[in-house]
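Presented sequentially are two complexes of chain A, the first with chain B as partner and the second with chain C.
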Partner chain A sequence: MSDRNSISIIIVRKTLMVTVPSDPDDATVSALQDEVLAAMQRVDAKGVVLDIGSVETLDSFFARTVAETASMVALMGGRTVVVGMRPSVAVTATQIGITLGGIETALSVERALDLLDRPVTGRSRR
Partner chain B sequence: MGTQFEPRSGGLPGAAASQTSPETQELVRLLIENIKDYAIITLDPRGHVLSWNAAAERLKGWKADEIVGQHFSRFYPPEDLQNGKTEMELKVASQEGRFEDEGWRVRKDGSRFWANVIITALRDSEGRLRGFGKVTRDLTARRESEEKIRRQAQEILEMAAVPVVQVWSGILLVPLIGTLNSQRTQQLMDVLLNKVMETASPVALLDITGVPAIDTQTAQHLIETIAAVRLLGSEVVLTGVRPSIAQTLVHLGIDLSNVSTRSSLSAGLRTAFELLELCVAPRATAGG
Partner chain C sequence: MTGTAQGEVSIRSEGDIVAARRSVREAVMELGFGLTDVTRVVTAASELARNVHKYGGGGVMRWRRLESGGRRGIELEFIDQGPGIADVELALQQGYSSGKGLGLGLPAARRLMDELEIRTAPGAGTTVTSRKWCPP
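On to the complex of A and B.
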């Protein structure tokens, strides 16, 4: 699909910077997972920063896939931080009961990178 | 004993013996008499031997005059007789036209051989059951070579099953290759635990790069192994978690959240160094 091309993964300081396209369909979301995991393996990254700043609607498939991807990244030895969720999206998400599991979140990419530089608190890598 | 074949209508189904000339019938008889690898015998409807060819004598040891008239259960080991196997075979053959089996059979001297047996019901043109044709082949050699290959494969697998290598003082590496079954993971646990004790290694790297796929059971075995190693006071890092394996584990809902996992062995080694508070750095005096 053409949307697949809009997935952008940039590698900065052994971290994958992933930008999610504005209105991702299910195929794009699945492709995103595959590409993130492939990149994890390729660059042996320490973490993933998932920028969802341009996402306007968060459906349950997207939320589940993101949560799953974070678990998979954890299995491959990385941490996932979700960045830039819009307030409106957060409101809708909580209203319809969507959660992102135990994923770490940050307000900005800058803070997300700081978060990844800090050692994991305790041993809970959920 | 060829005369026992009663070459009348339908005596040999499919062979059309009745329509053929006496010379042809003679040739068929000679074929049965001379054929080397197939013991071809006929039985009456109740299973008593009617005819016996030379190959049967060579294979089973009895001469024709010793065995003709005897029940064919003589060829079966006692355990089959207790199960009523011979009656079952004749029943199936008469109901379905044929019965095929592979199994142990007994020679005159009591030794066993692995046989392929085909029993064919012989019916005349009115459909009356006249008896049975029984063709037996000795597959002992084939079975033995199969057994040997299987045993060798097993040995190779066992040898390759759980190599435990000390890669650093205090760091063990277990590179797992191939499918993990219960038996192998059991072995893995034994070997790994002993080696951890023996070398007093605080860290063990369990590398699954060479494991093609993981299912719930395999994952469970790995989790148990990891838990057991932890009980000894060592830490385990699971390395070589490929994207496909990570996806499978999450989709299966397998919780490895309290196990250290890394995508590559090198990342795992780095983790091991961190756990041991070791530091790998370029030599400071390199420039001299």
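On to the complex of A and C.
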């Protein structure tokens, strides 16, 4: 599991728990999006917890793919919570203007699961 | 300080972007940069290596250790023989991109590094040289 390009998706309470490897190549980042969307449909998931706690470099390509994936998950009726961003990654991402476009974030997986159990606030749903 | 003072990574495939990141990470960690600065430099290297691969048709990254007036730093040079950049000022603006990117690559690298110079001309390839100094 420590392979730099292995994506792990575990399903807990109809939620996809996705662990991103520490230094993935672009193909792995793209594959992550495909696998998350396929799993969303397969297990009729309510949301995605994307654990980026081991990610050391979040560049614009990676960030854009994460933001895109979250938009696609939203179109499929799910929510995405990004978890565990390292302080050095958060500082760097902010400096270069990376925003995760309104994606929910949490400090830990546990808090992310709590968040997904609560109804969406501040956003109208039709 | 031990270890090598310079290095080179050929950028021919997507996987070489990872190789470039690793090489730079090792180099700056050895220089004694703090973790946030390591992340800044590696992120800049990732953006510039991807530009070489995606827009420059491949090329090379060279890094070398700098020592000047008691300061230590690193210089990263990205060289490709691609189509070049017609309007450098435009390419440095956030949001501009000639390809499928978000237009963040060059402006991101400029923000993360202390110095960044671009030598380019249409049809003549692009060389991006950037430096980051270790805070005292």
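Things to note:
Note that in this section the second predicted complex is superposed on the first by the 117 of 126 C-alpha atoms of A that agree within 3 Å, B and C clash if a C-alpha of one lies under 4 Å from a C-alpha of the other, contacts with A are read in each partner's own complex, and residues count from 1 in each chain.
Please note the rule applied: a contact is a pair of C-beta atoms (placed from the backbone, for glycine too) under 8 Å apart; a residue touches a chain by one contact, two chains touch by 3 or more.
Since the model is a prediction, treat every value here as computed from it, not as a measurement.
Overlay on chain A: chain B and chain C fit together in the combined arrangement. Shared-chain residue A:D23: touches chain C; no touch with chain B.
In the superposed model, A:S60 lies in contact with chain C only, and not with chain B. Legend: residue contacts after superposition of the two complexes on their common chain; A:E104 is shown touching neither chain B nor chain C.
In the superposition on chain A, contact of A:T92 is made with chain C only, not with chain B. Once both complexes are placed on a shared chain A, the shortest Cα to Cα gap between chain B and chain C comes to 11 Å.
Annotation: chain A has no residue touching chain B in one complex and chain C in the other. The residues of chain A lying in touch with chain C in their complex are 4, 23-27, 56-61, 64, 86-89, 91-92, 95-98. Remark: chain B residues 241-243, 245-247, 249-251, 256-258, 260-264, 266-268, 271 touch chain A in the complex. Residues of chain C that touch chain A in their complex: 14-15, 17-18, 21-22, 25, 35-36, 38-40, 42-43, 46-47, 50, 94, 101-102, 104-105, 107-108, 111-112.
Residues 33-34, 37-38, 40-41, 44, 68, 71-78, 123-126 of chain A touch chain B in their complex.
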